[in-house]
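Okay, so chain A shows up in both of these, paired with chain B first and chain C after.
Take a look at the complex of A and B:
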């Protein structure tokens, strides 16, 4: 490393001890993120001999059936993310100063997080499946004649992902909103703002950074959907997401270079999504968010 | 700036949180254009009282009137009150201009009026040209001034201030105190100020209400509160740290001069403001600055003449250097601890003579 770069990166401020204690996390980053990423990138750019370097990408994008997985994933990820965030925001907002039975409610919300994807899917199948309690109940009371199909299709994946990702989003937003100085709201009230005006003009802009982060995280989780899409969806049809395509290429066709190229395409699509969200947020609200608590 | 409404306030409220009574039949009359301070230790209910007036906390019982009109039945956003909070509570995502114009825009004022009023209050707080800044770019003192401007812009009938200076450092606090006093003189706006700082209360207020455990202990001018505390709590809170309970031993023929004594500590006082009977106890107090302390004279010295009346001797226990003077803890011969503030140079273990100026002694009414 040249001396000027050494200074520009601020390494002259790091003493040996700091570097030493940084080592485990750097090692982790290199071993489990950077190395696999670049390994995959190189792999994806190593097609069969005699083909151009972008050949694996070309094959995926030229194939209608393969290419459609991008759209199928987006079609799941964006609506579910919107649904999760739009339900979480008002709920977290109303609970920001605490409500009755808050602990009980929070416990119920955390439960799905701790149970894991497969158990949630089992639960949804048992409750909403063709012979599930819900359908049986609707038939018993004569509302419908044939079972309504909630599972093994698009709806099934939406329900499963919602149950899995809603608690994350809600709890994160709840933490964020309760962190906003309550006197900001009080002063708006005294200046003449009605509750709805306070929400739209004061609290929502202050929540915007938190909502953006929550949106990004839920989007990433939704975009990588794999077990839910298989267990509750139609993995050979309308919910064949890009993760499933990558899995099949890797472990059914044992073609690692092509699988890697699919993973790269998935990463790029995700990045485009995240950049779009952050750009939108920057256009909507400017200025700082949470704290100007000096002194 | 044009004068706001008169703003005569009558408050009579009780507030309970669950089983705990925070304000017990709290009754206060504030004259129009008056600056009144609610003074008390933390948890005494003063902030709750302010929040009740603002409408941020519902009353358990009672009524609030402003200029004869019922206030407590109106939602807070329609009360026409200005409020300033301890931590400024500015809207961090809005510029200074937008912060101040927020209340005016909600009143649907025309744009040019909004602009002229914002500029008016900005010059009032001497922050012209700061309209485009964000609160995060201002110092603590500037932020608090913006908060005051924001409260004043809609021309409220009443200004509530909840410990507005507590977050500022000592020097800035003193400057802001002056500015607040100036603002009140210029605008003549009825103001209710909450603080736990007796200096702030004494320097700013027309009147002070001392509060303890949800009850008003005494209401009066700063001079009355300082010189004639109504009870032990007020006296203690206003910085009288030395309390004595003495028995009346003898009364002289004028009926007002008496010899008081307890455990060998003796005072001869005239002009006792309360009826006295031999054998009864009286409670009195004296501020640390009103006790004179001198090194105990060696035997045979001339100064001893003075020893006769209202003096006693003691031993220095702790000395804290405060610059202009020392804060000295002294144990009297009867082991009672006395706090004195004096420029006299003393050290731990020194024998000293204390003189209690009878004119500075404050009698505390019974009950």
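Take a look at the complex of A and C:
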């Protein structure tokens, strides 16, 4: 590279000290993130001798029981993601300019995010279990005669995931929406826009980029559901998600090539999901989000 | 006036939903706590007799001292090396513009965005291939993968806040790069380091998937043990499992109490406005 081009591109900014600072983290990610990923990819493409290169993928997709994990995962991930995002958006919007007990509410909501899926699962098993407080309460007020099965099925996984991912999504969106310049809303109000108009015509389009990313993140978390699906669901039945299939292949059958191929299928399915979300967003709304943040 | 009523109704619905969510959350947490102190508890609002013996029981049968030791070593290792590696990188991200910076940012975001299950399985495979799978070291190494980018994204804004002229002045007075970093930047970003360290700490303690995939029989952290205890329900009394859950909860919540003094809750999750 000629020296002038080097300067024009701005590489002179990245002096030796800066490179030296960047190197450890870069090296780490290459070694422990990129390398294992490509190693897994290569492994998934090395079937038993004499079989075609895609054999491991074929085995997974040809087996009804294994293939059904994709559908089971989608059946969990999409409804929960929609539920979480559609509840979080109006709630975060309501809290955008602050509200009574805001600090208390956010403190409570960070709890399930920090405690993690395993503890939530144990809590749900007790509280919503057959003899738990919730069923006792429902029987007491006469809503049901016998205790309702909330756990060890599809409902259990939905509840477990919602309890963790709703606060996560809500806090994420709250951070985003309170960063939108309040002057924009004020101008709209001065020009005579009604609250509903402000929401639909002004704030929602401004929130769209944040909502899209939040939607993607929640979808990714829901799609990879693992401990919740095992502890609160039916891991040998209706909630045997693709992550469980990959785990069992790796640590119960010790077949790393096949396990890697399932992990790759999982990553690919997830990518397809993300691309679909982004494409849908582009169809729904096209616009700019420039200059919306405060200072 | 009509608009105002509409807003009040909406606010009422808002508070009712939040209230309901908090009630269920409190129910879940206190059910675990009450159950851990129950002598036996079956389909009654409260247990008839209380006892603390499940804590002694779980202390013995779950080898709690060893689990705590593993958990703390892992947490300390991840926090220390996480900060050590992410601190200089955060400085470069805050101060320098260079070609491909955005692509590099995307690479650093991947371990946070890609689910741990997806890259955890190849990672665990690699670890077992090089014979370090199952060790405490492998858990630290695995957890560092998402925690280094996490640390960078927390620390970068702190470096951005520090006035560039401080560095320029020190430079003009003849201080070397290393000395500036040591004597000026580091002291100024102590709050940032504290926040990042605490957040990495609580994330590491609560992180399940990666540790689960690479751990061995002797290197299980608290949350992994809790998982196995719940998974093998029926092997041990549920009260003992709940006692361990309470110990885990106390650990996480006390850390959370410290963290919330420094960071608002909205900044503890992934921040959408930072690109």
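The rule is short, and it goes like this: the second predicted complex is superposed on the first by the 276 of 295 C-alpha atoms of A that agree within 3 Å, B and C clash if a C-alpha of one lies under 4 Å from a C-alpha of the other, contacts with A are read in each partner's own complex, and residues count from 1 in each chain.
Just so it is clear, contacts are C-beta pairs under 8 Å (C-beta built on N, C-alpha and C of every residue); 3 or more make two chains touch, one makes a residue touch a chain.
Keep in mind that this is a model prediction, so the values were computed, not measured.
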item	value
Partner chain(s) touched by A:82 [first = chain B, second = chain C, both, neither]	neither
More chain A residues in contact [chain B versus chain C]	C
Partner chain(s) touched by A:187 [first = chain B, second = chain C, both, neither]	first
Touched partner set for A:25, first chain B, second chain C, both or neither	second
Partner chain in contact with A:278 - chain B first, chain C second, else both or neither	neither
Touched partner set for A:120, first chain B, second chain C, both or neither	second
Partner chain(s) touched by A:59 [first = chain B, second = chain C, both, neither]	neither
Intersection of chain A interface sets (partners chain B, chain C)	194, 293
Residues of chain A that touch chain B when the two form their complex	181, 183-184, 186-194, 197, 201-202, 205-206, 285-295
Residues of chain C defined as touching chain A within the complex	3, 6-7, 10-11, 14, 17-18, 21-22, 24-25, 27-29, 31-32, 35, 41-45, 84-86, 88-89, 91-92, 95-99, 104, 107-108, 110-111, 113-119, 121-126, 141-142, 144-145, 148-149, 152, 177, 202, 206-209, 212-213, 223, 226-227, 230-231, 233, 238, 241-242, 245, 248-249, 252-253, 255-256, 260, 264-273
Chain A residues touching chain C - in the complex, by the definition given at the top	9-11, 13-14, 17-18, 20-22, 24-26, 28-29, 32-33, 35-37, 39-41, 43, 87, 90-91, 94, 105-127, 131-134, 136, 163, 166, 168, 171-176, 178-179, 194-195, 209-210, 213-214, 216-217, 220-221, 223-224, 226-227, 230-231, 243, 246-247, 250-251, 256, 259-260, 263, 266-267, 270, 293
Chain A contact footprint on chain B (complex, rising order)	54-56, 76-79, 81-83, 85-94, 102-103, 106-107, 134-136, 139-140, 143, 147, 150-151, 154, 167-169
